[in-house]
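First chain A sits with chain B, and in the next complex the same chain sits with chain C.
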Partner chain A sequence: MKFERNCLFAFLALAALVPFAVRDQYVLHIAIMVLFYAVLATSLNLVVGYVGEFSLGHTAFLGTGAYAAAILSTQYGWPMWLTIPVAGLLSALVGALIGAITLRLQGPFFVIVTLSFAEVLRLVADNWIGLTNGPMGIAGVPQPGVLAEAGNLASKQFYYAVAWGLLALALYLSWRFVHSNAGRAAVAIRENRYVAQSIGVRPLTYSMLALVLGALLSGMAGGFYAHYISFVGPEMFRFAFMVSMIIMVLVGGKGTLVGPLIGALLVTFLEEYLREAKELRLSIFGLAVIAIVLFLPQGLMGFAGRRRERRNPAPAAATGPATPPAPKVAHHASGRTA
Partner chain B sequence: MSAAIDMNGAASLEVRGLCKSFGGIHAVKDISFEVRPGEIIGLIGPNGAGKTTCFNLITGFYTPTAGSVRYGGSDVTGEKPYRMARRGIVRSFQKTNILKSLTVFENVLTGHYLEARQSLWQTFFPGRRVRATEAAVRESAARIVETMGLAHRMDSPASILSCGELRLLEVALALAAKPKVLMLDEPAAGLNSQEARTFGEILRTLPGRLVQSVLIVEHNMGLVMAVSDRVVVMHFGEKLAEGTPAQVQGDARVVEAYLGRKAMA
Partner chain C sequence: MDLLLQYLANGLVTGSFYALSALGLTLILGLMRVVNFAHGELYMLGGVMGWWATTRLGLDFFSGLVLVAVAMGAFGWLVDRFLIERIRDQGEEAGILLTIGLSIFLANTALLAVGTAPLKVEAPISAAPAFIGPIVLTKLRLFAVAVCALMVAAAWLTIHKTRLGRAMRATFQDPTAARLVGIRTANVYASTFAMGTVIASMAGMLLGSIYSAQVAVGGLVSMKAFVVVILGGMGSFAGAIAGGLLLGVAEALWGGYVATGWVDIIGFALVILTLVFRPYGLFAKRAERA
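Let's turn to the complex of A and B:
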């Protein structure tokens, strides 16, 4: 737990230093995307990593947030500091609605139904031209007023700060959730639904809490994206975002808070680096995911975790395999009860 | 964890005429018994007698076809498992069910869910009360691990535990939910005879200390007869006999159910 907290603080601290060190707009843009994806991966990880249900519909929340921010700012003139939180809340509401239906299902059924919800929302965005401007999307999402006079570099730095704030919020909320009684209940559901129920956990309560929290965070990320890119189209709901998020969570290590950050960092840079490979890029990512599922099911953080255990051997692990454990139980137990 | 639990307002678990059919199979037929405070009740019978089905019916994993389950005077028939747990009726499982990727301590800590429940606000902005509760449940979890004789395994992942240790962990996990009625489904399966004896000694100390009463399904006859105040015998879904261990052991029908009838000359 200490190790994890230090990692998170180190990541945030290093991330805070980036805009002072980097003057290159292109690199800064990539750094912003890393933070944006880190929020998304963290939010997906709450459901995939802690409740243990694989949601393929997470783009539903991202897209809802992006459209909410775009519509509120272009049509109603709301400022960015208001649209991003409202985008998050709206997504959380959508999350509660979708969760109330889908979270009654588990395993492959949950996967398919969440996927279909994202698809349905994409069709809505594509066809409700009056609200979403259809396939044309919403262009010219306004920038905050303070950037009117600022140069390109300054506005990149401004957006970087906003993304950093979002990530800090996402990590704070996730940290509190994961290391609370609620987080333990969620893990109990992931590990064994029967045990969870028999110790008094109502599974729907905590899968719902994780999903709604994830929806809130990805909705805010979507709102941020709308302002930053200043364009929102139906492709927000497309599978491409979903694929990136999944790869990040799996590569980094699901069920850890540090994993998705590492995943976001690696995958975003790799995506840029492999841009020259064009279509081959997706094939490379596909192979990477297969390799990770096969050889490193816990992701990169699982690797770190295992190594840490060896460095700090628990008393039992030191004597573990050498002596048969069974007689030891009897010995200890009888010592207590005698 | 206080040394003794409050036995004032202790309640009986009453099972009346419980039935469960799966299609044409009558898995449980008209079973009635009572678990009174302070008692350990053994539920035995040959394989397939319907003991585990009975457990599933009482704890709400199955809905009974007929009959009722009453606890502390209120009808709790068919209530959801997590509701039964909140009423203080907590079970373990025949097929070992624990939280495999967590350590022994984490398992038992998770078991304290009901005690450590908090509001949504407290989850994200924990205050002094939450910290105090967390400290208390951690202390309690460590003590339960010690009570079950797993102290030397405190920080081991559950996945490396031996079969016998897993059974003990499962009981510890159930105890962590601070049940009033503890229901154990074959807790000694996989324990060797020495371990089973030790387990029996631990079990004997529980009523009045950590729980009010215990209902135990077990095939280890030595253990059941040693710990139980009364024994209920099931056979082909029906109740064959009920009585003290001595009465049951002397019952010709029980002997017949287990060993078969003597050939008629």
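Let's turn to the complex of A and C:
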């Protein structure tokens, strides 16, 4: 816990230094995307890592937030300081609605129904032309007034600061959630639903809490994205976005707060770096994903955690060699419930 | 009235195609519990290989189909033995991520190999129209529906009447007990995955001769197949067929009477409603649910 906290502080402190060290706009753009993805991965991790349900519909919240911010600012002229929080709240509302339906399901059913919701929202964004401008998307989302005079570099620095603030907020909220009773209850549900229920933890309440918090954070990230890129289209709901998020969480290590940060950093850079390989890029990316599943099933943080345990074993485990965590029983049980 | 009949006929034809493309997934998802996101890509590979066999190798449709089935069967077997085997007991997440990686790899590698253009698979019979009372369908589509029925029957017979099928059913009921009585479960898993792959790729080639084989089609096929499997209930053959027909008819009617742009939403709406009100699917025999 202490190690985790120190890691988070170190990451945020290092991230805060980046704009002073970097003057290159391209690198700064990548850095902004790393922070943006770190918020997304953190929010997804709340569901995947702490509730233990595999959501493939997280783009629903991201897209809702992005569209909300875009529509509020282009049609009603709201400033960015208002649209981002409102986008988050709206996504949280959508999260509560979707959660009320989907969280009753588990395993493959949950996966597919969350994916269905994201697809439904994508189709709505594609076809409800009066509201969303259909496949054309909403272009020209206004920049905040402060940036009217500022140059390109200054506005990149400004957005970097906003993204950093969002990430700090996301990490703070996740930290408070994970280390609260609610977070421990969520972990209990993840580890064994039936035991949790038998001691009075209601699965729906706590998984809902995690989902709504995740939706809030990713909605705010979506609002930020709308202003930063200044364009929002139905691609926000695309599966490709989801794939990046999932990979970040799993590469870094789900169920840890540091993991998604590392995942976001690694995957964003890998995607940029592979741009050089042009057409081969996505093929290599696919192979990399397969390799990660096969060789790093617990993610990088899981790997690091095991190393640490092995080096200074906890008193209880001191007698035998540290073994990888046993496969979770909950998965097998979740298939067959009356 | 005639229009309604025509819509219904179209819906049933499309529905049987949906059922066929979902049949492989009902084996892999319903029985093996692998949430296979590469299903659509296996279908796509079947179409692309069918195009290659018929136009480049100059084979006729049926020899091409046999070639595709054999090659994809071997491919499915290898995928299971070398990839899925290693994550068998790790729950769904590992399988989902692995198959997502596989689908990204397959789709983009195929894109490099053959490009984005639609590929026409040489059809076995003419696409001339056939008139049945007031309804017009092409002969090719009727032929394809017949092949669908044949393949469903063959798959059902394999599962219910052969030694391998018995071993499969035993393994998916209780893998430990199956191992105890001497079933090589690793082979059974690999055979099931190979069978699912063969069915998916044959569907891809058959439907490639009606529409066209396209590299980018995978995602859409996967989604429709998931919809059909959920509607019908996990691992139920009759369910997959009924789910496919239901989806086809619902889409045809909706597209005919309401709005064509929103057709794809039907499937997802049906899935959400099914999972809320009948979580084990419309037709599952066992009361198995999430």
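As a working rule, the second predicted complex is superposed on the first by the 316 of 338 C-alpha atoms of A that agree within 3 Å, B and C clash if a C-alpha of one lies under 4 Å from a C-alpha of the other, contacts with A are read in each partner's own complex, and residues count from 1 in each chain.
Here is the rule we use: contacts are C-beta pairs under 8 Å (C-beta built on N, C-alpha and C of every residue); 3 or more make two chains touch, one makes a residue touch a chain.
As the structure is a prediction and not an experimental result, all values here were calculated from the model.
Identify the partner contact of A:97: answer first if only chain B is touched, second if only chain C is, both if each is, neither if none is.
Touch status of A:97: no partner.
Would you check which partner chain A:181 touches, where first means chain B only, second means chain C only, and both and neither mean what they say?
A:181 sits against chain B, while chain C stays out of touch.
Once the shared chain is lined up, is A:10 touching chain B (first), chain C (second), both, or neither of them?
Neither partner.
Quick one: classify A:108 as touching chain B (first), chain C (second), both or neither.
second
Looking at chain A, does chain C or chain B touch more of its residues?
Counting contacted residues of chain A, the larger count belongs to C.
Could you look at A:191 and tell me whether it touches chain B, chain C, both or neither (first, second, both, neither)?
first
Let me test your reading of the model: by the given contact rule, A:202 touches which partner, first (chain B), second (chain C), both or neither?
The first partner, chain B, only.
Do any residues of chain A touch both chain B and chain C, and if so, which are they?
Correct list for chain A: 327-328, 332, 334, 336-337.
Under the definition above, what is the set of chain B residues touching chain A in their complex?
Residues of chain B touching chain A: 59, 61, 80-82, 85-86, 90-93, 97-102, 106, 109-114, 116-118, 120, 123-126, 130, 134, 146-156, 160-162, 164-165, 168, 173-174, 176-177, 192, 194-195, 198-199, 201-202, 205.
Under the touch definition given earlier, write down the residues of chain A that touch chain B in their complex.
Per the touch definition, chain A meets chain B at residues 173, 176-177, 180-182, 184-185, 187-188, 191-192, 194-203, 209, 314-317, 320, 325-330, 332-334, 336-337.
So in the complex, which bits of chain C are touching chain A?
29, 33, 35, 83, 86-87, 89-94, 96-98, 100-109, 111-112, 219, 223, 226-227, 230, 234, 259, 261-262, 264-265, 268-269, 271-272, 275-276, 279, 287-290
Can you list the chain A residues touching chain C in their complex?
On the chain A side, the touching residues are 48, 54, 56, 101, 104-113, 115-117, 119-120, 123-124, 126-127, 239, 243, 246-247, 250, 279-283, 285-290, 292-294, 297, 327-328, 331-332, 334-338.
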